[in-house]
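Two complexes follow with subunit A in common, the first pairing it with subunit B and the second with subunit C.
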Partner chain A sequence: MNITRFTSKGFLIPGLISLVILIALVTLPFYGSLYNVIMVTSILMYIILTVSWVLFSGPTGYMSLATAAFFGIGIYASAIFLPNTGAILPLLVVVVIGGLVSSLVALGVGALTLRLRGIYFAIFTFGLVVLILELGNWWEHTVTHTRGRFVMLVDNDVIFYIMLAIFVLLMLTTYLIRRSKFGLAMRSIGENEEAAAHIGVNVTMVKVITFAISAFFMGAAGVIWATKLTYVDPYVAFNPLFSFMPVLMAIFGGMGQIYGPVIGAVIFAYLQEKLQTEFPYYYMLIFGFVLVAAILYLPDGLIGLIQKLWRLIRRWRKGGAAKQDANT
Partner chain B sequence: MQILEGEKVTKYFGGLAAVSNVDFYVGQGEVVGLIGPNGAGKTTLFNLISASLVPKPGVIKFKGKNITGKKPHKICRMGIARTFQTVKIFTNMPVLQNVLAGSFFGTSPGMSSADAAREASESLEFVGLSDMAALPARDLTLANQKRLEVARAMATRPELLLLDELMAGLNATEITEGMELVKKIRDKGITIVMIEHVMKAIMNVCDRIIVLHHGEKIAEGTPQEIATSKKVIEVYLGE
Partner chain C sequence: MWKKIRKYIIPLSICLILISTAVAGCAEEEPAPAPAPAPSPAPEPEPEPAPAPEPEPEPEPAGPTKNSIVIGASRPLSGPNAPIGDAAFGPIMQMWQERVNAEGGIYVEEYGKKLPVEYIIYDDATDVGTMVRLTEKLILEDEVDILFSACGTAFISAQAPVANKYGMVLLTAEGGATIMRDALYGLPYVFISLPFSDHYQLPVFAEMAAAKGAKTAYIITIADLHGVEYGGVAAIEFPKYGIEVIANKSVPITYTDFSLLVKDAKAADPDLFCVFAYPPIIMPVTGEMMAIGFNPPAVLMGPGANFGFYGISFGGDPMTINGVTCFAAANEKTSPEFAQLYADLEALVGWPNLDWWGHPYYAPLVQIWQEAIEVTGTLDQDVLRDYIASNQFDTILGNTYFEMFGEFGGGLMVKDTHPGEIGQWQDGTVEIVGGGDWPGVVLTSDWVYPKPDWPTP
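Here is the complex of A and B:
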């Protein structure tokens, strides 16, 4: 039996679907309205945060709430290197810098805190968000004497394409990691960390490196997101909502499959966009109801529901065919 | 040659000496039994050898090399594998993948995917779980879960295997099969240290037995010597 390699049959159909979606996305600015391009950009942003959160927290079972910190570091990198007075460095270079700085912070924080488990790790990572937020505030007040910063304007299509590029890169990385030895190591850590260590998995290294990889994508997305915000201050950049949204989106979509978090993020982000414009006063309330319903009735997320339906349909079709056979 | 040696191995939990001043050795190819009443420090000693815990003070040597303070994954790659008192398999993974993780990460130098897969199948074959390779590990019976742990440990190609209560919770037939398995492992040339409460198993397969009580080594010898030792009988049955 070969479990480390995919069969061509199992690979073809998802590959084709991915290709069609990719082509539709790449050509979107040519046929879609500006509104659509902007909306898809923000959906892509949520997908990136969710998938990169799942990349680390999914298999290892360590619930990180540091997403807003890494995302915010990217946003601030953008504010520093791409001020409205003129870019200090090229946009793409800043995207990479934002990602790398987030990774470095993740390496440091990870090495210090990944020995914490369960709720302690979650609380600590959330504390990181608040800590960096307050540090940013202090810095703006006492050192630079500003409240916030303006980020230079970037063409919407450019923002869209960079976001898309980060997304594609992230999906490829996730796919490769899941398929690799590294993915097996992460899953074994999530299953039983002690046993993993005793069969030779370097648990600390695997956790810290994955944490840093996931932070890279969060930071990179932050850089490009900032050019869409145009005004940035610590409260905007390190908004704790960005720590919780990816978790909710991942739970909503279901974390077992690679496409679960993606679908969760797409529907969630779209819903948020629509509700916010249609029911500005009630949107949080409706949102809350949807969430509670999802957690109560969809323990495996939307993907779990779809898989259940799919099994039902197949059984029903099989049953129908058998009946027909009996009749003839 | 001594494959494993411990000098004055001690471990305190707060003010309690879980293991205190224990000197021990394990010879190449031996099967050594580790017995003692509950709370005697047997599992703590295993944790010290496999580097879950670090002795303080004390020194542990493997093949003459000081391994005190090394990380568990390093210890595993050097050739010490273990199983756990409460089974610690990867319940949501297929049986084969459990073992594959062992052959992938536990061997030194590492293996290619093909070699690791072959090693994993061989380990499963060795413990007799080949038919269940594709099942999720949580669906196995306790006896088979214990076998799976042995297979996973064997896949790391150990020279020394620590078995923590392999027979606990098994029925008579399963215990006999477990004893056969231990003998099979020994015949492969792997040195074994086993913690066990099932006396039949200990007496049958061990070359030598070490008895712990309140963290101290109180006796050591062949199964016959231990069975007739006054001190051991006192500890187990009271005076």
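Here is the complex of A and C:
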């Protein structure tokens, strides 16, 4: 084991920061108000969707808009296995089932469609959301004659800790994938798919597996999110907004670094919450303005801006030091 | 220079906006209550003495201090439900707040004084997830004294368990469904007010239509809880009266072109044409029917056709939609109290925002709240819940009370309070043409069947 790798400045500082944040999160229910716990749960949900989206779409360059489909499958798994009349299966088992079913759908869909590229893939994945939504509607309307489904209530702290656990697992998975040969293969696909195939990367397999891994986390988050909604119908479950929000959050935060989408999701979700409650009549206008401005002027996201500023400061300091040397 | 501005100054400005918004949000521990749907007069500084039913206020209250009754609501200020929210419970909220505050507020014995009503209203953007989050914020962070209803059947279905979880009394407004009624056994803090599908709108309509000789029905429903609910109940109730459902088609909420569907309905030549959907669907369907001259003997539409704005949506003259049947409970002719209510509402929000289905039930809701607070003298939710569950109220509907579901369940406003179930556009207004067979039903006109032709363009 290369000890220096783990004690180097490059690993130690981000590692320590992550640890402090994790401790702060784990202990949040002990010092934070109940509403803070609920709000952080909501932010964690957005982070999971955004980081899962970036896990696949970031390195491969494939714009997936299927997030709402996988998230919705998780929500429906919850509605089926955790009805308000009494849980059919334990909560954690349903979380895994929701993730696995989403993964299986992603495997099937990915195997069929990941040969599509660019705009075609984006359109197909969004079509998948609409297809599943309408299929759900038809099923509920004509087959089960179900008029909405109630999901059992779960304690807010339990929801928070499960969401946190999914988040931690996702971050670990993302970190490991990015540092593995698998992650390298994904990046090579994003750079040049033909070249990647020529050097021996099984591009279809890499894409399909990553698509399925990202769908797992989206589905698992959907299961636990449904216990907050308490009421589910196809429109609630397969809300297309959940396909677009992660993309915007990722662009907002920046996709170059692992923490970019996290920062984007945190700020975006928090900003949405604050604007919605402080300016209920104008928040859409303000939100739209910030969004357009951010996309126009922050092409690399907030992280890109911070990196740019950091480089500027270093250059300025170097320039200052050089001037001082010249004077002495 | 411009390059530098674009590269650094603009992104920095965006960050500053973000940071300042976040800081402002953090700094404001107790957010200022948002304005009501429209500006209301300031409460009088020196409250008038309490009216008759109130006990004499103590000159120096020894109890806890409080300056207002804070009422929270997560409402659709934007999105597809906004037109309904603005015209349904919204005007009642606004009118009640203005009236109460003009009188100095509601006397609350535990505080020994009259307290004006303040609203905290958030925009749920017609999204259930947002509504749930904002409802929790209202309860947990804003610590509102009273929670008002969200708007829409799916929305109150999601809000009811949340309110119940935190022990907040919820008197629901726009919406109602059989699924909610079934769930009432486990929702002791929830009280449903608005009549819905089999309680008793569609059974009454089916009986009326059968009496006129209707034999077939063509149904279009919106693909959400409301549509599934009404389509499902119609499929059960219509055959009971010998009416065959020849089509029961569900359309997504995003559907905009109804030409093929309306042509298909015209070709089927039904006696009853029912559209159980919201204004964004019933409006274009009505327009399409006029355009192709599809005029079946009865057209039932809702929700949406029960609002004034539906009447003026086709050339500005409500006479154009004469004969359209809708869900409605009362109008200006039902009683002098209703005549006053509609006159006041029209003066406040205008004729297009009158609602002949919902307003007769939302006005009693605020009367019930006010009486419960004044009589119990507290804002304690458990006390208020028990009072509402176990008492009858003298409201604009007459004797009003809730049928309770089990020992630890919620309540459903009893059918005997319903002055009507079915309305019809006649001579530019909604007349009440159908109701149950219980005392208290006030029909203001006969049902015109078959409906008159659409006006020729």
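Brief remarks on what is shown
Throughout what follows, the second predicted complex is superposed on the first by the 308 of 328 C-alpha atoms of A that agree within 3 Å, B and C clash if a C-alpha of one lies under 4 Å from a C-alpha of the other, contacts with A are read in each partner's own complex, and residues count from 1 in each chain.
Assume contacts are C-beta pairs under 8 Å (C-beta built on N, C-alpha and C of every residue); 3 or more make two chains touch, one makes a residue touch a chain.
All values reported here derive from a predicted model rather than from experimental measurement.
Once the two complexes are overlaid on the shared chain, A:Ser18 sits clear of subunit B and of subunit C alike. If you count the residues of subunit A touched by subunit B and by subunit C, you find the higher number for C. Applying the stated contact rule after C-alpha superposition, one finds that A:Thr173 touches neither subunit B nor subunit C. After overlaying the two complexes on the shared chain, residue contacts for A:Ala197 are found with subunit B alone; subunit C is out of touch. When both complexes are overlaid on chain A, the residue A:Gln307 reaches neither subunit B nor subunit C. Those residues of subunit A lying in contact with subunit C across their complex are 33-35, 38-39, 42, 84, 133-134, 137-138, 140-142, 145-148, 150, 153, 225, 228-231, 233-236, 239, 241, 267, 270-271, 273-278, 280-281, 283-284, 290, 293-294, 297-298, 302, 305, 308-309, 312.
Across the complex, subunit A is touched by residues 6-8, 10-12, 14-15, 17-18, 21-22, 24-25, 28, 31, 34, 77-78, 121-123, 125, 127-130, 132-134, 136-137, 140-141, 154, 157-158, 161-162, 165, 177-179, 183, 186, 221, 223-225, 227-229, 231-232, 250, 252-253 of subunit C. Only residues 1-5, 181, 184-185, 187-188, 191-192, 194-204 of subunit A touch subunit B when the two sit together in their complex.
Taken in their complex, subunit B has these residues touching subunit A: 50, 52, 71-73, 76-77, 81-82, 84, 88-94, 96-97, 100-102, 104-108, 113, 117, 121, 133-134, 152-153, 155-156.
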